[in-house]
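Next up: the structures, one after another.
You will see chain A twice below: alongside chain B first, and alongside chain C after that.
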Partner chain A sequence: MLNQKLLIGSHAPFWHDQSGISTKNYHIMLAAIPAVLFGIYQYGISALGVMALSISCAMLWELLMNYLMKRPITILDGNAAVIGLLFGMLIPASSPWWMVLVGTFVAVVIGKIIFGGIGCNPFHPTLVAVAILMLSWQSLFDFDEALANYELGFTMIYPLGAVKAFGTSVLEYYPLTGLLMGQQSGGIGTTFGLGLIIGGIYLILRGFIRWEISISFLAGIFATALLFNAADPERYAGPMFHILTGYTLLAAFFLLTEDSSSPVNVIPMLLYGFMAGILTILIRNIGFFVDGVVFAVLMLNIANPLLDKVRPKALGKGIEYA
Partner chain B sequence: MKRQTEKTLAYVIAAALFAIGVVCYAAFPETKPDEPVRIVFKSTAGKVLFDHKQHTGEDGYGIHCIDCHHAWDEDPDVKPVSCTECHEVDSEDPIKRSEALHQQCIGCHEDDGTAPTDCSQCHIL
Partner chain C sequence: MIKRPFFCLRAPRLKYPAKNSYQKEDITEIKLPDTITLLVERSGSDNGEIDLSNVKQVATGQKITLSGDNLDYFISTATGSIMEVCAFAGYMGKRYTSITIKTEVKDQWDDAFKKIGDTISAESALGFLRSLPGETDLSRLFDAGKPLNSIVINGVDNDLLVTTNQAVITLAREDLALGVQYLKQITQVNDVFLMIHSGAASGAYGIKAEIKTIDPIYPNAAPHLFMKKCLGRIIPAGMDSRDMGVGFINAEAVAALGRAFQKKEFPIHKILTIIHKDGSTTHARARIGTPIKHVLAAFNIEVRHGDQIILGGPMRGTFAYSEDMPVQWNTDAVMVQDGGQITPCEDTPCINCGECVRVCPAKIPVNMLVRLLENGRYEEGAEEYDLLSCIECGLCSYVCTARIPIFHYIMLGKYELGRIKKAEETNA
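Now for the complex of A and B:
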């Protein structure tokens, strides 16, 4: 009786909202539906193919690894499906099938399973895959090139690339309401700003993600872009443009808020989001890459354990020699 | 939901989505339109995104095919060949790709007077 284990502790995440992991993941998928459906509506059957293959391949890679490693079947928790869903949302509709296959393999196996499965991954698995593919096959993530054969009735030049190359003189082609309503080129599920915001608010209100991370990230983007814009309004776009373009909104509500790669304390969460926002704009405005979200989030994922050191003092603990 | 039911449901969803994905890729492969919409020319000085539709469309600049595809005999049954079929990256005769495109683009842009002629206005690094 005395040797019975009464409480087993493990790593973060801890967030008690009376629901299981699968419930959370199903709700994340539900919140992503408006943006995904809009992407499929815009790009047609090729986008449907990418999304379906991405979700299924992520689940099948995890299932295969479960069998190979003789571990319990974990695809029921919906985490692999979420990884696949997010990967599909981030890539262009014209992505070849092998890119989806390789990307989901990297995301699930290298991004998650290798570290010990759900809750143990130090980086967002989807972003690990996107970063590796982006560095290996840069042209596949060049939306201008990937979507060269699509004509959707609005300016199809990737907005962040256009501003980086030509400055704010091109902003007349990208009205903010148009950007909000998805009139921009990009990944399948990243262009419909309104859908992503609705999904994000739903997740925040239901307690599945922490508002501190999302809001501080958007605040970081806003403040840094505002400073750049004030310094040189002809070269650097304003904050709202940066919030509504690229991977910003998807990162704010779906990528940064991933459990095991984000902090658990309030101040670290605020720092984590805000610093990711600053880094995103720094990469966009003075860095090499057109969209800095992927590398900014991965960098902050690395900083996550360090940030979580900012925590309240333990009650009753002596700190005389600390 | 019972675990066994959840398991079955996950398998069914994975298999169904995989089938949908395979069918979409196999039955509806990405096809290039007869007339390109936009063309990306890659070069060491940075890519150039050429809006073909904007240049040739009636509501665009209305440039006629023969103005650029000079080897075309205006036979409607024969498609004009692309620039790079003859003007290769490193060739002397006919002139190499970069020279051909520079002459064609900058020459026309200078005649127009309002179109861009500086390197950085077309080449994106």
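Now for the complex of A and C:
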């Protein structure tokens, strides 16, 4: 019996296109590298420390939970690493170690594991963490305070905060090309607009994220900011400023496009992105927070199941044959 | 195996193979093996066990009735003695009687069909040609409750890499032309369409059927999509083309029908597409009932421990658990997959990436459906998430990032729904 030749039996299809969760996550990390490297170059060794701590903590939290819950080890799928990477990108380079530790715990455990792990999280895990930290320790996300000791040769006042406080008169300190090339303060991986755009285009072309979401989000930002700007050009900055500052580009290509918290049908994807864009600008311009991206994305994450009800009619559905 | 392309902005488009020239010499003749096994599908309530002890010796083309019903019979495809009769359970709960015959080298032909062969009618066709190469049950076209208004002859094959019907159109055009004529005669249907590949349209002249070319993108040859795109008729969810009065039949079966009535000889050979481990294809002509190992041996294909043998193509075939499984009436292809090429399924939950939703030709919300199917909520899946609209192409599993066996879940769901329906009918 031992030498008997046995055949594999499985159900059709017998082909697979060889895509996989880990491939997808590793490519997302690859796409984030330009922005992260720029951040490390700009803020030096402390930024490297924050990024490394963030990624490794996120993975360790998931590993720990795998052991505690007696579940298969899932850290190799790269999802925890992506969550940690994005968390590191969103926070200032001077963040204390305990903030990274708490933030990744909230992201991985409260944002993902307790909902059932990968694919079951209703919100983007990283944004859950950022939102909770933002509300609990507001000063940690005050980039002007956090980055006060850095002198990098450009205006180190957080652009969105400056516009909110002083109106568009401060725009002369923020040339658009400078913003695109990373001459602004902010999170480690959020300032280098060009790098984020390159990464985003890479992900879109390779099919790892859905272009409808990214493009409609940027369109939503653009349209809403344009209307505000037209209504009161002295108070509200123009659309390009909003696209290149804050978390906008990171959200467009890395946060909004997270699989399990975003819709999959075309019209819902467009609505989801566009509405997140509108909400972001509303919060930035008339809301309390300086940057509205975090809460706008979380709000739309909640709306996702409802939005995804808008779907095409399946073949032969609702047809009676007499 | 076709992998995901480097740039992947839209859903993948898998092409049906197209080859314009087929030569008679390209088809390898498989020698008659020592034993053949016939699988006869059973519709009755028994489990397929029958007593054939009164029949010792059979002749080629001999009709053997299994029960009182005139349609419940099989025709031996070889001369020899019956060695073993047993029950056999197949895919989706189908029940078969498996009959193993020890063959004799020289065929002794039974002449019952010869006598009746002159009368070309539905009775003679159903009485002898119920199973044809490429068509297991011709009586599907003669359901009294569902009158036919048109017939579609499938000249494209139902799966990727498979070119059996394409080869038949080119190599047996005269038989096919005759078959179309006889088919019209026995079914009394005049609207006959021939579905062909837009890359292989040259081979179909002289056939008295309306030619319909399809865009050769998988799964456009599926009945539901062909009806929608070429006939402009949409099949309601949960029904099939027969409910709309449209019968689908493979070109090979029509050609076999034409040849059978012309030569007065019962068809006993099946054309096969052999899909090698490296994905290349060749053709073979084998006696119905030939064990697969004989077919593979003729091509020097070595099957090792851990490989997979598939009856049919890579997207819709069914696996064979043993090399002794026979070539059946509907075995269009035999595929051997190297153990190293098999992508195992994983038990990760759906990550909602939406690849399946984009690729689904029936626009089913597969991401939601699979969540219900994983938890056994089949009725809810059918009502809310269009389980019954599925046209069974397997593309959702092919693209699944989480490698969930979605197609398997869908077929299980359909099977369970069928059982629920049957139970309700018997208890009502």
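Side notes on the structure shown:
Note that the second predicted complex is superposed on the first by the 300 of 322 C-alpha atoms of A that agree within 3 Å, B and C clash if a C-alpha of one lies under 4 Å from a C-alpha of the other, contacts with A are read in each partner's own complex, and residues count from 1 in each chain.
In this section, a contact is a pair of C-beta atoms (placed from the backbone, for glycine too) under 8 Å apart; a residue touches a chain by one contact, two chains touch by 3 or more.
These figures come from a predicted structure and were not determined experimentally.
In the overlay built on the shared chain, the residue A:I28 is in contact with neither chain B nor chain C.
By the touch criterion defined above, A:V264 reaches chain C but does not reach chain B.
Of the two partner chains, chain C is the only one touched by A:I204; chain B is not.
Look at A:L53: by the touch rule set out above, it reaches chain B but stays clear of chain C.
Looking at the shared chain after the overlay, A:E145 reaches chain B, while chain C stays out of its contact range.
A count of residues in chain A touched by chain B and by chain C gives the higher number to C. By the touch criterion defined above, A:L180 lies against neither chain B nor chain C after alignment on the C-alpha atoms of chain A.
Of the two partner chains, chain B is the only one touched by A:I45; chain C is not.
By the touch criterion defined above, A:S10 reaches chain C but does not reach chain B. Across the complex, chain A meets chain B through its residues 22, 45-46, 48-57, 59-60, 63, 73, 75-76, 81, 94, 97, 100, 142, 144-145, 148-151, 156-157, 161, 164-166.
Interface residues of chain C facing chain A in the complex, by the touch rule stated above, are 1-4, 6-9, 12, 160, 224, 228, 234-239, 243-244, 303-310, 312, 314-323, 335, 337, 339, 342-345, 348-355, 357-358, 361-365, 367-368, 386, 388-389, 391, 394-395, 397-403, 405, 407-408, 411. The residues of chain A lying in touch with chain C in their complex are 5-21, 24, 77, 116-120, 204-207, 210-211, 259-260, 262-265, 308, 311-317, 319-321.
The residues of chain B lying in touch with chain A in their complex are 3, 6-7, 10, 13-18, 20-25, 28, 30, 32-33, 36-40, 47, 49, 53, 120-121, 124-125.
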